[in-house]
Amino acid sequence: MSFHMPDCAEIVRHALAEDIGTGDVTTDLTVDPGMRAEAHFVAKQAGIIAGTEAVRQTLMQLDPGIELQIHLEDGETAEVGEKILTARGSARALLTGERVSLNFLQQLSGIATLTSRFVALAVGTKARIVETRKTTPGLRLLEKYAVRVGGGRNHRFGLYDGIVIKDNHILACGGITTAVERALSQASHTLSITVECDTLEQVREALEAGADILLLDNMSTEELTEAVEMVEGQAMTEASGGVSEDTVAEIARTGVDIISVGALTHSAPALDISMELVV
Amino acid sequence: MSFHMPDCAEIVRHALAEDIGTGDVTTDLTVDPGMRAEAHFVAKQAGIIAGTEAVRQTLMQLDPGIELQIHLEDGETAEVGEKILTARGSARALLTGERVSLNFLQQLSGIATLTSRFVALAVGTKARIVETRKTTPGLRLLEKYAVRVGGGRNHRFGLYDGIVIKDNHILACGGITTAVERALSQASHTLSITVECDTLEQVREALEAGADILLLDNMSTEELTEAVEMVEGQAMTEASGGVSEDTVAEIARTGVDIISVGALTHSAPALDISMELVV
Amino acid sequence: MSFHMPDCAEIVRHALAEDIGTGDVTTDLTVDPGMRAEAHFVAKQAGIIAGTEAVRQTLMQLDPGIELQIHLEDGETAEVGEKILTARGSARALLTGERVSLNFLQQLSGIATLTSRFVALAVGTKARIVETRKTTPGLRLLEKYAVRVGGGRNHRFGLYDGIVIKDNHILACGGITTAVERALSQASHTLSITVECDTLEQVREALEAGADILLLDNMSTEELTEAVEMVEGQAMTEASGGVSEDTVAEIARTGVDIISVGALTHSAPALDISMELVV
Amino acid sequence: MSFHMPDCAEIVRHALAEDIGTGDVTTDLTVDPGMRAEAHFVAKQAGIIAGTEAVRQTLMQLDPGIELQIHLEDGETAEVGEKILTARGSARALLTGERVSLNFLQQLSGIATLTSRFVALAVGTKARIVETRKTTPGLRLLEKYAVRVGGGRNHRFGLYDGIVIKDNHILACGGITTAVERALSQASHTLSITVECDTLEQVREALEAGADILLLDNMSTEELTEAVEMVEGQAMTEASGGVSEDTVAEIARTGVDIISVGALTHSAPALDISMELVV
Amino acid sequence: MSFHMPDCAEIVRHALAEDIGTGDVTTDLTVDPGMRAEAHFVAKQAGIIAGTEAVRQTLMQLDPGIELQIHLEDGETAEVGEKILTARGSARALLTGERVSLNFLQQLSGIATLTSRFVALAVGTKARIVETRKTTPGLRLLEKYAVRVGGGRNHRFGLYDGIVIKDNHILACGGITTAVERALSQASHTLSITVECDTLEQVREALEAGADILLLDNMSTEELTEAVEMVEGQAMTEASGGVSEDTVAEIARTGVDIISVGALTHSAPALDISMELVV
Amino acid sequence: MSFHMPDCAEIVRHALAEDIGTGDVTTDLTVDPGMRAEAHFVAKQAGIIAGTEAVRQTLMQLDPGIELQIHLEDGETAEVGEKILTARGSARALLTGERVSLNFLQQLSGIATLTSRFVALAVGTKARIVETRKTTPGLRLLEKYAVRVGGGRNHRFGLYDGIVIKDNHILACGGITTAVERALSQASHTLSITVECDTLEQVREALEAGADILLLDNMSTEELTEAVEMVEGQAMTEASGGVSEDTVAEIARTGVDIISVGALTHSAPALDISMELVV
């Protein structure tokens, strides 16, 4: 399976501007503008690679003539010490772009790696692992991409492309039935309706009101099992809340369709990767 | 000590645009535009709070009349279940802005909390804990702020406000002495010069060349001790590489002036915080 | 029913910049900066009003102290000669902002008026009238809003918030079943799947493949009737193509759930409205 | 005569962003990234073509390697069923860009077509047909271009490149003579001065004050004839107000130099054009 | 006479961003955020003041609550040591904004002062002093404003709001007559036509072709006098080239309508002004 | 020595937009789109050339196929009448871009030329000539570049990359010692600390407090000499205030390390350069 990373030109441009500001004084003073070099991006830790395209964008914005050789495509596993990619071009561009390209590659590979661990724990069940909207401001598309690279699936992209009626909406609206009715009578017919349910009673009400997806929040595995049985495939079921590497397998076995995991994006540690220069 | 968060209006605007897109369909359909509510931001995990100003910005951009009551200022410690702040205003604004404001508050508080643990481990030494440039693209200023809130100090902000001659620059330039000479003869006189040293031999050369700061990279504590002695206060010393909660205390005791820690920003888990609505 | 127009600050800013450029030389030369005036926006043609908020935004960007009195809210019907709103403030702001505010108000009211005619023709059936993506570049949200004001409902907002598999996708993909399978196995679970069907055979295939919505394109009313019967409520049905004021009533009586009409946005004539100044 | 369309890269970029948002989910899921295809843009209705360059920009922004063959240049007439242009390139790019490129091409061709009808009705007189500032926010330059393609001429581009003293300015300023005097004594000498005249009395006053152009607003053809005689070529004359396909010929025969028509841009129906894919 | 400076919010924002970057470290470290102060802007050199509004914008963007007392309005003359304005507000804002506000005030006052010297030298003639397009990139509107403040008039604002056929256009086009004909037959009727003439022969040709304004370039005063006589008021005359404080009076006495002076904007020295703080 | 100009693509884009607005009507009407021409940029005045890259950017943005031949590189001296560069490409692009490219080239060459005069006057001393922050809003990087081209060195780039404690900071903070202490205890360790000293007493205090650089403001040459002796190389010394071509040599001979000169950027007259077209 091959992955196609969303366009990252703008965010890379922003990241370079943030880091370079008025100029990389060190490189400009110590490295000859005409010097050419080769740089190897090497894994210092094993994990799933995601974000090589961001490396390419970063270096290409600094040197349009940069040449990249990808040794490990996004989605492949790097062993410790393995070369991920090799870049050849202006030594200045490589040095100035080193940190920004690593920042992208390390963060996205960290997410892909963590996701793959959750996915592996749910193998053999029908549960898909999806991320939440707990993403880094400005990086949502890239982080959602990294989740896919790690074997996960995606939840909605924002507040605009799916109706998710949460406890607070129910509270503000006066009840699940009213909330779903309003959505059905006014929303675009192309949007699905999810309802957060904290109890089996709410599961029943949401189902009757016509919800497409039931978000089962912070339920015990017993409650999840019971909810799945009650629903009988008339709607999709999504488990969320308190999902960790310790609990995901058990939750997956309850028969839910979807398990959403905030930690995939908000707490994935960066994968350790470094750049080695050869002049 | 009171902290002043850098301006976050633009990044908050961007984060809201990313999340809201063409509109928060759920809230717009289920919550009356005139409804008012109160929201409590509550710690689900103990930690140092950072980023309340981003919460204010987020909610204020959605409802200019929002009222905020800060219970815990940035830098204060939240216990589990403790209220961090209370917001009163448009129920729609509170619901639409919930996730974005939490994304900022959780990520920044996570960094402050992790930083404070490193700082505590170095207490009693003169070593300052600083972050690196391994920050999230677009969020560097806020993340550096969170480091300060956690008791850390800051390293340079980017490639423009300090000269840091690393191994790759030395390689490209032909030697430490040449590199420092070039910097001295051409750079603005207001910029300090740091030289990365992997060996004691390099420490000696950098010192003689006129470096202001010696970055002692991946040295053992024995080597660090020896380097500090050799330098005798003629330059500042900075330890970096392989710094973890397990090793930081020992490194601090070698007498280095600065310890730079990448994990502060690239691998801090988010602090668990939630928003509770009262209508 | 009250309508809430999407934020138009940015598009208004852009429209003012486009019109004013380096300055409204006429007004700046002939009108005293301190002069105050009153302006009435008056309908020269009967129709449904939409876009008063754009008038407010336009005038307010030119004079933050402008005062507006709305005589006809969005969704109300203006008779010929009826005052829609009255603005009081800087005479310069009123004159400089006249054309831009009218451009918005006339175009959006034109769309609302045309939509209301289609909606009236479908009264008594369950068919909702919705627009298409044939909107003016840059004005989609406002034009979709005008459709709602005219009594219509909305289709998806863009290519991101709904899966619509059209004839060309089916062609490129190799068949309806394959296309739907790919969508089901990879898309976010919150997105609905529409399939364009040109024949009853395709209706059957799309239904079996699991489509949520069937877009019945350019079908005769006989075919539409037959398709609706075949579907039996297992999916939503949407008629499109060749819908005009002459044909919409008959199409609506076939029992389809949705009728999408491109002309609502791409060919609605502006409603004639003028601004009259009193100094 | 060949036409040169103004740069549309930015507005196309904006339109694509508006439509694609976080991604064309349908195309990304159903069409292989490497697939190539051919697309024909075909007229479903006869008319003057305008905007092929916007099609090229749209497709090129999605696939820089797209190849376009223009069968009908801007300004040429398409018959029903005639191919306007053929594009060859990435099937994904063609499908994702279909709607945006058609939206531009249909709207601009609609304006050119309507303009050509007005121009034809004034043939044999010296009157030039020009548009007004009643254009779509953000699209003025393109719409003015479409007017030229349809055989019309252009009025001023905005409030900055011509002085047009209208009734409201005269009201605010205290009289035509004062208004013209102020303009003469303060404006850049490169700007012409137009004065709106509702009566022959005003025509006389404006002429004496030194106006370059007299805008004869809502005058009967008798009044227009009389005004033209009175002016005797000492200034240009422009008829406006109530100009329709029914009245334009008669107005043109009064001898006015210019006839300005709001409907050219604010009420031109889109020309029906579709894209047909061949894989 | 009172002057109204064009909107400078955006350029001030840009200038502050350029100067402040990631933060005014000095002020943030040495001045308490709550401290208030008073700052006097004092002329160190006599001259005409222009740009006080830019000072207000700069300080207001840093402290929305800043209070300004203007002692000398734009257009008034400052003596050495005279207070121009006093600002009261946050000490941090005053210190951080000092340089940017002075940069605007000094540059614009320098232009106004230089312009006023040229204007004084032409007093008693009908010649107006105007600037050229030799302005600082990004600051044209402000610099043209400063020219007006100094008593000058403005030339066209850019390439879009006036037709100026220069020697190179004539060369490319094949002659003055052809060039003017093209402009008359295609340009908007609201734009005036200027033709650059290097010889009296060209003056005659341009006049016959129908030019509105004759730009007499680098002519001796004898030639200018002869040209003015030849034109007899049938067109405006503009002298340009080699205009200095030494020659402007003599040129003005030739009877030309306009004298354009590049030095007004490209070589005006800044007026010396400083900010004095009182805490 | 070869110079590398900072990226000017954005500022050139802005300058072209400012000048061209909705179109260069003159060129579009008089010059055939397919015509090609050659343009020579010729010095009308002797001086140091700076900014040829801005000419290339300007012309290239208008005609990506433009060809440039540089006769004089940045830093070389042009004699009167000497060709600086020759451009070949679209005649339209050359004519439309003439003014903007000259505006950059003339202003930057003006700064380089003035700087070189100051540098020549300090030859034989160790004093480096540097500019100040008195630069044109938006052009700081380019102007600082022109200073380097003229043989000067650069001061800090803005408020973010160096700590400069001025009289007003000292006033607000309560004294030099306190101010320096605060900076030492909180600032990034990579930033140097400058202290403005108006008296020898302050020089002593700043030195003891630990300042890296002493800014000796408005001191007589006697005071400067005494200050340099007192400092004995323990810090750098910078003279500023009242530096002119008349005084710089004498100031340089006092032994200061740095002389900062505001006039380099705020009052340099443009170098006279023109573009000559050959078709």
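Every chain is named by a letter (A, B, C, D, E and F) in the order it is written, and numbering of its residues begins at 1.
Everything that follows uses one rule, which is that contacts are C-beta pairs under 8 Å (C-beta built on N, C-alpha and C of every residue); 3 or more make two chains touch, one makes a residue touch a chain.
Bear in mind that the values here come from a model prediction, so they are computed numbers and not experimental data.
Hopping across touching chains, the smallest step count from subunit B to subunit C is 1. Shared residue numbers account for under half of those found at the interface formed by subunit C and subunit E, and the copies are therefore classed as meeting with different residues.
Computed centre separation for the pair subunit E/subunit F is 22 angstrom, with centres defined by C-alpha atoms. Subunit B and subunit F have CA centres that are 34 Å apart. Between subunit A and subunit E, the centres computed from C-alpha atoms are 53 Å apart.
Each of residues 21-23, 157-158, 160-162, 164, 186, 188, 191 in subunit E touches at least two other chains.
Within the complex, the subunit D residues that touch subunit B are 21-22.
Those residues of subunit E that touch subunit C in the shared complex are 2, 4, 6, 141, 157-158, 160-161. Subunit C makes touch with subunit D in their complex at residues 11-12, 14-15, 18-27, 29-32, 35, 37, 91, 95-96, 98-100, 102-104, 106-107, 110, 133-140, 157-166, 168-173, 178-179, 182-183, 186-188, 191, 262-263, 266-267, 269-270, 275, 277, 279. Note for the complex: subunit D touches subunit A at residues 21-23, 28, 33.
Here subunit D touches subunit E in the complex through residues 128, 130, 153-157, 160-162, 164, 186, 188-192, 194, 213, 236, 238, 257-258, going by the rule given at the top.
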